Structures are given as C-alpha cells and as structure tokens.
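In what comes next, chain A is part of two complexes: it sits with chain B in the first one and with chain C in the second one.
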Partner chain A sequence: MSGSTVRVGRYELMVDRLYDPEHHLWVLPVSDTRVRVGFDPLGVEVNGTLAQLVLAPLGTVVRRGEAFGSLEAAKFVGPLVAPVSGRVVAQNPVALSNPARIEQDPYGEGWLVELETTELPAERAYLLEGAERIALWFRERVEAYRREGVLAE
Partner chain B sequence: MLPARMEQAGGILRVIDFGEASPLRSQTLWHAVAYGVSRGAPATLSFVRPAAPYVSIGRTRSPWEVDLAYCGRAGLPVYRRMVGGGPVYLDPRQLFFQITVPARWAPPARQQALRALLSPAVRAFQAVGVPAALDSYGEVVVDDRKISGHAGGQVEEAVVVVGNLIEEFCPERAARILNLPHPRVREEVERRIRRYVLATPANPEGFKAALTRSYADALGLPPQAGELSAFERATVGELDRLFGSRRWLWEVDGSPKGTWYVKVRAGVWVCAVQVGRGLVVASGAAGRVVDVAPVGGIAPRARDGLAGLVAGVKGAGIEEAVRRLQAWGEDGSRLAGAWSRAAALAV
Partner chain C sequence: MLRTAPERFESPEWVRISMASAIVLRFRSGRFSRDFPFGGINLLLQYEDGCRSDCAYCGLARTRPGTYTEKSFIRVDWPLVSTDDLVERMARYESALTRLCISMVTHGRAYADTCEIIRRIRRRVQTPLSVLVAPPTLTRERLQHFKDLGADMIGVGLDAVTESLFRRLRTDVPAGGLRWSNYWQVISWGREVFGPWKVNCHTLVGLGESDRDLVELFVRLRDRQIYAYLFSFNPEPDSRMGLHPKAPLTRWRRIQLVKFLVETEGFGMEHFRFHEDGTLAAIAAPRALVEQAVSSGLPFLTNGCPGADGRPGCTRPYGSYRPSEPFRDYPFVPTPEDLQVIRAQLALDEILPSPATTPAGGPVPSRPPELG
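Showing the complex of A and B:
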C-alpha cells in the first residue's frame, strides 16, 4: 500500500474516494456539495471495449440507483447507475468524445459526470471507504469474477 | 452456456410468437416483454416479423447517421431501440427473435453475456442446416460473413438479446438508408456489405422450433407458449407513444462533424474523413486497412501527400497505418484518430 493507492493483484486502486460496490463506480467528493463519478478498474475491464457513451443532460436530477446515462460495448447497452442522488452539473467532454479514455485512464481523464448532491451524508452507508475495506471488497470481487470465468486467471 | 448460478425464476421459458407486426409494434412488443421480465415475468423467447420495411437506430446513436430525407421519401419510419448497434434496415424478409432473461442471470461482462445468449441461436442455425459459428468478435457467421444482426441491452432488470434470420437481404437498401457524404462512400459501404453479410434462407418455422429447443436446453427450462401479461399489454401502449415521439428519436443528437463511420460487421468498417473539400475513404477488416482512396476536391498539397499515403498504408495493420498517418501533418493526425476510432467502434 502506498499513499492514496492500494494494490490488489494487478489493479491499483485510489483510496481517497468512495466506491459503489455493486456498479463498480467511484465517488470523489470535490466540494461539500459536489462529487465526481467514474469507473473503477474492474468496472472498466468487465465492460469491455467501450464504443459509445451517453450521459444525462446537465440539470437532470437522478436518485441513487437510477440511470445517469448509457454505455455501449460490443453492441450491448447498459445503464450507468447513479451511486448517489444528485443533479448532473458536469459531463466529461473527453469521455463523451472518446470513450476509450475511460478504459485508459478511469481515475483521471476518464471520469464520467459530476453531481451536485446534499445526499452524500445519508447515502454514504451504501458506499465503501477506507483502504482496508476497499481492498477486501475488491479482492473478493476479483476472486468471484475469476471463479465465474468473467476474468481470466 | 448460461451461468450455473442462474435460478429458475418462473420455472418456464415463455414463448411468444407475435407473427407479423407493424414496424412500430415490431419494436414495442418485445421491449414491453423486457419490462415484464424485469418485473417478474418468466424468461421469454419471442418472435416477430415486420409487416413493412423501416429503419431502426441503436440506443446510443444519433438519427444524423440515417439519411432521413431518403427515408421520408421512401416511406421508411425510423425508430430508436433500447439495445445497441447502429442504424439498420429491417423488412418482412427478416424474422426477428428476442431472448429476454432477468439481468442477474447474465454474466456481468457484456461480451460474455452476449456470447452466452447468442450461443443457443448458433446451435439453432446449425440444426436447420446453416453451418453457423460464433466468431471471436461474438458475431454469428458462416465463414467470415455475418448471417444474423444482433444487439443486446439491459432494460431495467432484464437483459434482452435480439437477432434475426435473414431470408433475403438487400445490400443496396442497407447502404442507402445511411447518411453518407458522397456516392463513392455509399458504393464502398455497399460493396463491403455484399462481401461480409449473407442471407441464409432457412425454413422460418423450422428455425423457430430449433431456437425454442436450443434456448430451453440452455436455460434448463421447459418451453411453454404464452402471451403478454396485462402489465405488458399496457406497456406496449406506452412504448408506442414513446417510440413514435420526436423526443425519443432525437434523445441522442450529434452530427458527423466531418467524419463518418460505418460498422459493416464486427471487425469490418468504412470511414470517410473530410480533407479540404474532399474525402479520404478507408475500409478496414480483421485489423488491417484493406482499402483507402481520396474522393473529390482535396487540395493539391494534401493530395500529393495523400498519394504516397494511399500506396503506403493499404494492407497495413491499423496500428502501423495510424503511426504513418500521424507523420502526415494535421490532416494525417485527424485521419489517424478517425481510423483508430472506426476500428474501436467496429469491435
């Protein structure tokens, strides 16, 4: 473990943020009322080569668990599910114009949206934080995906 | 095979044959099934044949990819579907099937989910005498030619994968409905469609029976003829209104901005990039640039460079072609970016 990252196998995870364990998204508070959202490395790998990204228009209000966009990979379209409730206040133009950046730099240039939210204190319980918890969860997911054949050995 | 963790919700594979339906209903019927399965209806295999030709675009794509003026003149309605893929031409000589299961049954990796849900269809093609295979891209093929147009998606808590039996295919129409910047680009697209798409006119009733057996075996569920629930019937009405609205069609906007991409089948693409007052039209297949040609009024300086480029990159691997293009100034960098994107979009 070093600084604000933790290594799990071949994955390096940022631990300065929270994680939605169900949808493999990270949530980074960037101010008291604003969070940035992106995919974690396992989410990127499981999605496969990303072809198209659609994000909800600015101003859209989403509840936790509702879609804030769609992602297409290999002709399969799936929803992007909001890890916290909020209003979409920024879309990442880099990811929209070139979804490959999400795969190449999921913690940096490949972020998805920013949400204005006052719900984070209430919804924090649904998210994981802290290096040990994050590493434990991630390790379990990697092992489960390997058992299920989702990831190569 | 589908994962063993799949529990047997509903206990049956519901089979619904919608027969022939209007273009709009040939979309909304099976979308309503997806909403039904999301809320607890049994896993469902459905069939539908459009009663008239029309055009459909994928969930994440823009109507700008379709030649809307032509479609208007030809009387072809355009509907946005909730699954993936680009603009496609559908007509009564295509029998469509949809397999819809609870999302928790499908592998979380999208490509695996598609393979799992398409493999039974491949066995059904084989059962009716078509030597089909699922290639490394996840395309249903005979040799290297696509024989079934497929797409998938998650609708609420259901996963649906759509495919078709192409009894007869019109490459000219398939290319004509696309919004392309020049007749030469359309010719190239049509040429690649002729090369890489194949109709397999199997007996449709036999194919339906084979698909039913194959999906029932794969899911471990007995097939049972069924019909829409009251909830699903009401949902069809709601979806008719949604799919017929301009708001839904134009939900994803975005014009080409000097670059046009066409995916012919997985791994095969055509890309046109505006250079000066002309275009550079390139085709790729299996990781290589198979053709590249200038079209129209490219400025003389650019054309001089282009002549060498055309000679140099035809037949090259895409990465090598991109590397060489990047040394060809600003236009070369634009071409490199577009070809990289075309190859990525075609996966």
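Showing the complex of A and C:
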C-alpha cells in the first residue's frame, strides 16, 4: 500500500474515495455538495473494449440505482447506474469523445460525470471506504470474474 | 553487421480471431450483454498486404483506406494472435468449444497456410472445423485436401445473390476481378467432395437484391442440399458501401422466416407471392404451420455450422449489429420476450392469409430431422 493507493494483483486502486461495490463505480467528493463519478479499473475491464458512452444530459436528476447513461463495448451494452442520488452537473467531454480514455485512465481523464448531491451522508452506507475494506472487496471480485471467465489470462 | 529481418506478423504463424473468440479463449477481457453459452471460434488469415479482393461492402477491401492490420472486419477489431498460442488455448478450453472456422482471404499463400493451420489445430483439438474458402485460390483437389486434413464443412462467401449484383460489387470494382462462375464452380466441387448439407453459401441481405432473388437462391441451394447462411449487411465505415443503409428489420425477419420455411419445411417458389419489384407479398401456406415455425424461434437463430451435437455451433454474437441495436440473428433460442419483439418486427398479418382462407395441407420437410 502506498499513500492513497492500494495494489490488488495487477490493479492499483485509489483509496481516497468511496466505491459502489455492485457497479464498480467510484465516488469522489469534490466539494460539500458535489461528487465526481468514474469506473474502477475492474469495472471498465470486464465490459471489454469500449465503443461508445452515452451520458444523461446536464440537469438530469437521478436517484441512486437509476441509470445516468449507458456504455457500449464490442459485445456488451449496459446502463451506468448512479451510486448516489443527485443532479448531473458535468459530463466528461474527453470520455464522451474518446471512451478508450476510460480504460486507459479510469481515475484521471476517464471520469464520467459530476453530480450535485445532498444525499451522500444518507447514502454513504451503501458505499465502501477505507483501504482494507476496498482491497478485500476488490480481491473477491477479481476472483469471481476470473471464475466466470470474464478476465483475460 | 548481421541484420535479421523484422518479424512479419503473418499467417501461418499469426492469425486474427473474432473479438467473441478472443473473449471466450480469454485473450481479451469482456463479456456478452446476455448470458448464453458460446463456443464458436473464428480465425481469419493475416497478411500484411491484405486480401487481394476489393469487394464494395467489405471491411478488408483492398482499396478501403488504412493498412490491413488497421482494418476492421464486420465492424469490430479482430485481435492478432500467434497460431500456436491460439491452438494451445483451444486445447485448454476444448470442452467449451462447439465449432472452429478458418476464414481464408484471397491471397497467393492462403491455401498452403490454411492447410498448415488445419494441421496444427488437428494435432491438438478435435472440435468440428469448417473453412470459409476463397474460391480464386482453390481447385477440386485442394478442397479434397482440406477434407483429408480434417475439415468437415466448407462455406463459400457468395454474398451477392445475383450475377449482376456480384459483378457490380465484386468483379467490376477498382481492384476486383472475382468471378461469379468461379464461385459456383467451387460450390459444386464442394458439394461433390464434402457431401449433402456439408456446404454452405453465405448470402448477404441488403446489398440491393430483391426478396425474390433471395428466395430463388434458397430454393436452388436447398434442392442441391446446400445450406444458405444469412447475413445482414452491416455497413463498414469508409468502405464504398459505408453509407448504404441496412435492410429494414421487418424485411430481415421475413427473409429469415422464408429461408427457414424453404430449407426446413420444404417450401418452394409456389408458396410465395411477390410484388412486381420482387418484394415478398404473401406466404401461401397454412397459417398454423408458419406460426409454429415462428414460435420455435429457430428461423431467427444465427446461421452457422453445427457443433458435434448438431446444434448451432458457430453463433457469432453481435456479428452484424451493435450490442445497443436490436438483435438481427440470435446466438441463442429467442425467449418468449424476444419472440414478442420478433412478431412485431415480422408484421405477419401483412403477408399471411387469415385462417379462414388458409389452404389445407402444406409442403413436406425436405431435410433430414437430425440436421435440425
């Protein structure tokens, strides 16, 4: 473990943020009422080579568990599920124009949206935080995906 | 100073594989939108100077912009892998594999390299193997040799279903020259060498042919005990037909149904009515029989060579449509929910007589039941 990252196998995870364990999205508070959302490295990888990203228009209000967009890969398409409730206040133009950046830099240039939210204190319980918990969860997920045959060898 | 030649990433040492194959063999991470078993592995020969043909609709066409390595085939990238690594993975995952297929390209070395790749596969893997052949590179003896090496079926990518269309898209093109007669010669040789229902002819829907053109070909092939495999034209960006629209879904579904009725239920030209422009106008057959075919879901499956158990072995998921688009062909038997969608797309009432006017009796099945 070093600074704000933890290594699990070949994955390096940022642990300065919260994770939605079901949908492999991270949530990074950027102000008291605003969070940035992006994929963790495993969440990107299991979908396969990305082809297209669609994000909800600015101003869209989403509840936790609702779709704020969709993602299409070579052989997969699925919704992007909001990890917290809020209003879409920013879309990442880099990810929209070049979805490959999500795979290449999921914590940096590959972020997805920013949500304005007052629900984080109430919804925090659904999210994982802390290096140890994050690493434990992630390790289990890697194993599960490996068993399913979803990860390259 | 001793200089070594740079390695050339070419067949037979290297091949390209479909993205679905790369996922199932775990060369690439990824998954399918729907959960279904998949074991059809597609290989494509690889040459730095590429395919020597120049078909107007193909992603690998010689005059399409970009190097061969950069080109997509059926719109998605085909990862390049070492043949020996590929065979190793096939052996490791053989229990999950249902059908292997080597796609040749038109190239001077394609025949010899295909033979070599079949040999390498057959030394380690016994999954049924097809070859999608490149007719200009072949003779009857060469087809026999494929069979002797262990291929049990061949496919011929006729694609354009009339001679005039073939000529326009594949012969009279900038670097073309493919010949309709050569393709049919190879189909005939293939039928002689491989036997009944061991040859398939690829037909693309949406290149500019009429429904009547397609049905005539289905009947002609069926009478010779040759499968027609349907593919939905899917425009390749930057190809000469990159802006040509796909066949509307209703037309596509009806063609799938009609082909099934011809191939499996013994329908002939007399069971179909066409408008003047060749568009399907009506199916003259017992409604119950047609409804039964639709309800089975089988007409809408991907057409591909079978596995050892006779069930579809090569199912090419999302091969001619994007995952975000409606299914064109299904890599699994459609569910009741899928069938609802299919029925809406078919709009059968427009082409089927009402039950009161339905003729009694119908055609008899033309294909052995064990062939599914």
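Operating definition for what follows: the second predicted complex is superposed on the first by the 150 of 153 C-alpha atoms of A that agree within 3 Å, B and C clash if a C-alpha of one lies under 4 Å from a C-alpha of the other, contacts with A are read in each partner's own complex, and residues count from 1 in each chain.
The rule is short, and it goes like this: a residue touches a chain if its C-beta (ideal position, glycine included) is under 8 Å from a C-beta of that chain, and two chains touch if they have at least 3 such contacts.
Every value quoted in this text rests on a predicted model; they were computed, and no experiment measured them.
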Task: For A:Pro79, select first, second, both or neither according to whether it touches chain B, chain C, the two together, or no partner.
output: first
Query: After superposition on the shared chain, which partner residues are touched by A:Ala100: those of chain B (first), chain C (second), both, or neither?
result: first
Query: Just chain B (first), just chain C (second), both, or neither: which does A:Ser70 touch?
result: both
Task: In the overlay, answer first, second, both or neither for which of chain B and chain C A:Gly149 touches.
output: both
Task: Based on the superposed arrangement, let me know which partner A:Leu53 touches: chain B (first), chain C (second), both, or neither?
output: first
Field: Doubly contacted residues of chain A, that is, touched by chain B and again by chain C
entry: 46-49, 51-52, 70, 72-78, 148-150
Task: Provide the residue numbers of chain B that touch chain A in the complex, in ascending order.
output: 3, 5, 58-61, 82-85, 107-114, 137-138, 150-154, 252, 266, 341, 344-345, 347
Task: State the interface residues of chain A toward chain B in the complex, per the touch definition above.
output: 46-49, 51-54, 70-79, 98, 100, 145, 148-150
- prompt: Okay, in this complex, where on chain C does chain A touch?
  reply: 19-20, 23-24, 26-33, 76-77, 317-318, 322-324
- request: Using the touch definition up top, name the residues of chain A that touch chain C in the complex.
  value: 45-49, 51-52, 70, 72-78, 148-153
